[in-house]
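Remarks on the structure that follows.
In order of appearance the chains are A, B, C and D, and numbering begins at 1 in each one.
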C-alpha cells in the first residue's frame, strides 16, 4: 500500500497497443519488466498517458490484473471518471487484484475551492479505506488547486496519501506544502510529473520523487539517486537528458513521442496510440533520433 | 431506426434513483409510460440529463435493456465517452437490444473545425451503419460547432441522421442549415433542446421538433401540434409554460428541479440525483410550487 | 455615492452609435432621459452591454462626462480592464466628473479563491476611498466566485458596497449572503442582472433591486414596486414580460435585440453595434416584433 | 516596414518599472541598446511579456515613442485590445511614430474557424495598409488556429506579413505552412516564440527566426547563425542554454524570472513587475543563480 512516506520513482506506464488497436499483452509484460529494471519503485497505470479514457471498463480491469500479476513493485491505478460509480467500481476491483492505491484527478467542471474540497470529500467517502493519490494537473484538467485547498483535502481525507504534482509552475507549491507540514500539517508524499522537466528543482524543494513516464525512466532514478549525494553530478545527468525531456514534453504529441522511443528501445512492439490519437510525422521521428543520438554521447561522458 | 425525417418530441429521460443511489427500476418503467402518454414520439436515454456519466458501464447496459423493452416508441441512446472503445461497446450493445440510434457529443478537448470534423468522421467509422445524432451543446461541452462544420459532418457521414440542437443562441443556425438543405445539401432531422426555452421560434425556423426533458413534456407536444395549425394558440400555450420553463433552465440546478417536479407529479418515486449532484433547497421547492400552481391556472384558461 | 443600502433599479445603459460607428451623443442624452423616466434610480454605464471594451480610453471619458452631466440619478461606471493602471485612471476620472461609484469584473485568468480575493484586495487598494461594485458574472468572465469568497471580499474591502449579481444559477447565492449578513457579516447592496430573467425570485430571496438593461426597463421598476405590496400582481407583470425577457437573454445576440427594441421605441436613433458585433437578421426582427405586439396586449390587460 | 521575408531575431522587450510601478525610462533606453547589441534584428514591444495590458493608453503611446526614437532596428508594436477602436488608435499612433508594423492576438472569445477568420478580416480592414503580425499563442489566448485558417487569413489579408508562432506543439504547423507556400500559397515570415524552447527544431522546419524574449537574447542570434552553417555547433549552443530556457518557460513565473535575470545582468535597474504580477521567491532566485553559473561554464567551453 502506498503511504505518506512513499518515495522514489513511480513510472507512469503507457498502454501498448497492436496496430489494430487491441491491447498488446506481450508488450505489457515486457514494459513492466523494463520499468522495474530501469529503477521504478512503483508503477502507475491507467493514467492520462496510459490512454485510460480510451479503454472499455472491461479492458481497464484486464490491464490492472495483468500488470499487478507481473509487477514486483507496488501498482497505483488511475480511476478518474465522470461519476463516482465508475470510480468506485474500478477502485474496488483494482484493490481486490492487489493494487497499492488509486489516483483521482478532478473533473473539469470544478471551479471554486469549495467545489474541489467537496469533490474530494466525496471521493474519500466512496473509496472507504483505499489509499488515494490527488492528481493536480491543471494544464489538462483546467482545475487549479491552491496549496491551501490541498491542505484542506489532506486534513479532510486521512486516506489521501500522496500528491501527484504537476502544476506548472509548481515549485512554490512544493515549498508551501512542505512549510505547512513542517508547521504541523499532516505530511503526505509528493511525487512529481510534468515529464520530469523540473525534477531536479522539485527534489531540492522537498519532493519525494517522480511520477512520470519519460521514455528514459532511468533518468528519474539516476537523478534522484545522485541528488542525495552529489548535487552537481545530479545536475550533469539531468542536463544530459534535458533536450529530450523538453522535446517529449510537448502536449498532445508527447505520448506519441514517448511510445516511438519505447518502441525504438524494444520495450513495446508498436508505437501505436489508440484512436483518436496523434501520429508522429517523419520529421518528428528524425528529430527524436537526432536528440537520442546526442543524448547517448552525453551520457557516455558521464559513464552512463 | 431514426432517419433524416424523424419528427416530433424525443423526450430526454432522467435516470430515476432510490434514496441510496441505486437505480429505481419501478420508476424507470413508470417514467417510460408517462413520457409516451404525454406525447413522446421517441425517448432519449443516457444523455447528460440522464446522469449518464455517473453510471457504471454495466448499469448503462441495464438501463438500455429496461427502457427498450418497455417502450413502444423509438429509443435513442447517448453513448458519449472519452474514447471510441467505450462508445462502440455501448452503441453496439444498445442496437443489439433494439435501440433506434445513438447520440454523440464532442469531447471538450476539440477546438478547431478540423478537429471536430475529424472526430465525427472517426465516430461514423467506428459506428458502422448505426444511425447517429450529433449533439451540439456548447454551453456544457465548450465545443462551438459552426453551421459550415455541421454541413461538412452531414456530407462526410451518411449515417448522421439528426442534429440535437442546443446551441445558444441557436435560431440562426437552424435557418442556416435549412437554407443549405434547400440549396441541395443533405437534409437531416433537427430536434431542439435547451429545455424548450425557444421551442416556438425553433419550430418557425424549420426544426422538426424537440428533444428535451422539461418536466411537463406535454408542453412540447402541445406547442408543436398547435404550431402546425394555429400559431397564436401555440404561442398562448408556450407562454403559459414559460415561467416554469425558464426556472427549470437554470444550469446545474435544472435537473434537480426537473426531478422534483417529476416526483411531485408521481412519475418517479424520489427526486434523488446520484452523487455528486445538486440538492434543491426548501426555498427552491417553494418557488417551483408557486410557479406550478399559477401554471395550472393559466392552462385551465386554455382548456388544457 | 452608492452605499450598502442602495436600492432600486440601476439600468445598464447601452452606448448608442451612429451607423458609421461613432458615438451618437444625441441618443445618449435621449437614452438617459428615457431610463430615468422609466423608473431608473441609477444608471450603470460602460458595462459589458455598454460595449465598454470597444471604446478608446478617450471615448470612455467622454461618455462618463456626458452621462453624468445629463443624469439626475447616480451613475456607476464600469472600469474593468486587464490592468490596474487603466482601472485607476478611468475610476479617478469618473469620480472627478461626478460618478457615484465604479464596477469591477474579475479578469478571466483568475481561478482559485485566493487569486480572486487577492485581486479584489488590490482593486480596493488602488481605488482608495472610491465605492465599488463587485460584478459576479461567470457566464462571461469564466470566474466562479463562491459565497464564502464574496464574504471574504466584503470583509477585506470596506469600500465594496454592492454586488452585481448575475451568477446563474444564483438564487441560493442571494440566500447565502443574506443569511451571512443576518448572522453578523457586513451587509452590502445586491442588485441583480441576467436581463431580469429571475428578478421576481431574486427579490423574494432578499435582493435590493435590479441592475440590468432589458429594453423595457419599466418592467424592473414595476415588478419591484408591486413585489413590495402585492406579490401576485408582481408575478402577473413579470410573466407578461417573460417571453421577451427570455428572448433578449440570448448571449451574443442579446445586445443586438436590446438595441433593436430601443431603436424601435425611439430611444436611440440606430440599433448599430460597434464592430465586431452581432447584426440582427430579418427573421429575428420579426420574432421581436411578434413578441412585442403580444406583450402590449398582455400589459393592457394589466392596466399598464 | 516588416514584410513577408523578414528574418532574424525580433526580441520581445519587457517594460521596465521602478519599484513604485512607474515606467523606468532610463532602463528602457539601456534595454533597447542591450537587445540590439546582443543581436536583435528588430524589437517587439507591448506584447504580453511587455505587460501591455497593465499600461494606460497614454503610457503605451509614450513607450512606443521612446523605443522607436532610440532603436536602430525596426520596432513592432503589440496592439491587441478587446475592441477595434483601441487597436486602431494605438496602431495609427505607432506607425506615425515610426513603428515597422503591429501585432494582433485574437480575443479569447473566438472559437470557430469562421469567427477567427472574420476577426482578422476586420482587423485588416481597420488597419488599412499597416503591415501586421498574426500572434498565434493558444496557451494564453485559448484560441486554437489550425494551419488551414492561417492560410485563409494569409489569403484574405495581404497586409498579414508575419506569423508569431507559439502554438505548442507547433512544429508540424511550421511544416504545414511551408508546404503550402511551396505549393503556391503566399509565403509569410514565421518568427517563433515559446521562449525559444524549440528554436533549433523550428529553424529546421522552415522558420525565419525567433520572436521571443529569453533573458539571454544572444542565444537566439547565436543558434540561428550557427544553424545556417554548422548544425552540430548550433545544437551545442542550444543545449548549453537549455536548462535556463526551460526554467524561464514556466508560465506565470516566466516574466519574473526574465526580469530578475535582466536586472542581474545590469540591463534594467529593477526586476519589478507592475501589479498584479508574480514576485520571485528567494528559492527561485537561487535556482536561477545556480542555472546561470553552470551556463557560464558550458558557454565558456564553447568559446562563447
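We adopt the following convention: a residue touches a chain if its C-beta (ideal position, glycine included) is under 8 Å from a C-beta of that chain, and two chains touch if they have at least 3 such contacts.
Just so it is clear, the structure is predicted and the values come from calculations on it, not from any experiment.
Student: What's the call on chain C versus chain D, same or different interface residues, using the half cut on shared numbers?
Tutor: Same, since over half the interface numbering is common to both chains.
Student: On a C-alpha centroid basis, what's the spacing between chain A and chain C, in Å?
Tutor: Each chain's C-alpha centroid was found; their separation is 47 Å.
Student: With chain centres defined as C-alpha means, what is the inter-centre distance between chain A and chain B in Å?
Tutor: About 38 Å separates the centre of chain A from that of chain B.
Student: As a quick test, compute the distance in whole Å between the mean CA positions of chain B and chain C.
Tutor: Roughly 33 Å, centre to centre.
Student: Where in chain B do residues touch two or more other chains at once?
Tutor: none
Student: Chain adjacency by touch: line, ring, star, complete or other shape?
Tutor: Shape of the chain contacts: complete, all pairs touching.
Student: So in the complex, the part of chain A that touches chain D is made up of which residues?
Tutor: Residues in contact with chain D: 168-169, 171-172, 175, 197-198, 201, 204-205, 235, 238-239, 242-243, 246-247, 250-253, 281, 283-284, 287, 290, 294.
Student: In their complex, what parts of chain D are in touch with chain C?
Tutor: Going through chain D, the ones touching chain C are 21, 51, 53-59, 81-86, 89, 108, 118-119, 122, 126, 274-276.
Student: Where on chain A is chain C touching in the complex?
Tutor: That would be residues 111-115, 138, 144-146, 148-149 of chain A.
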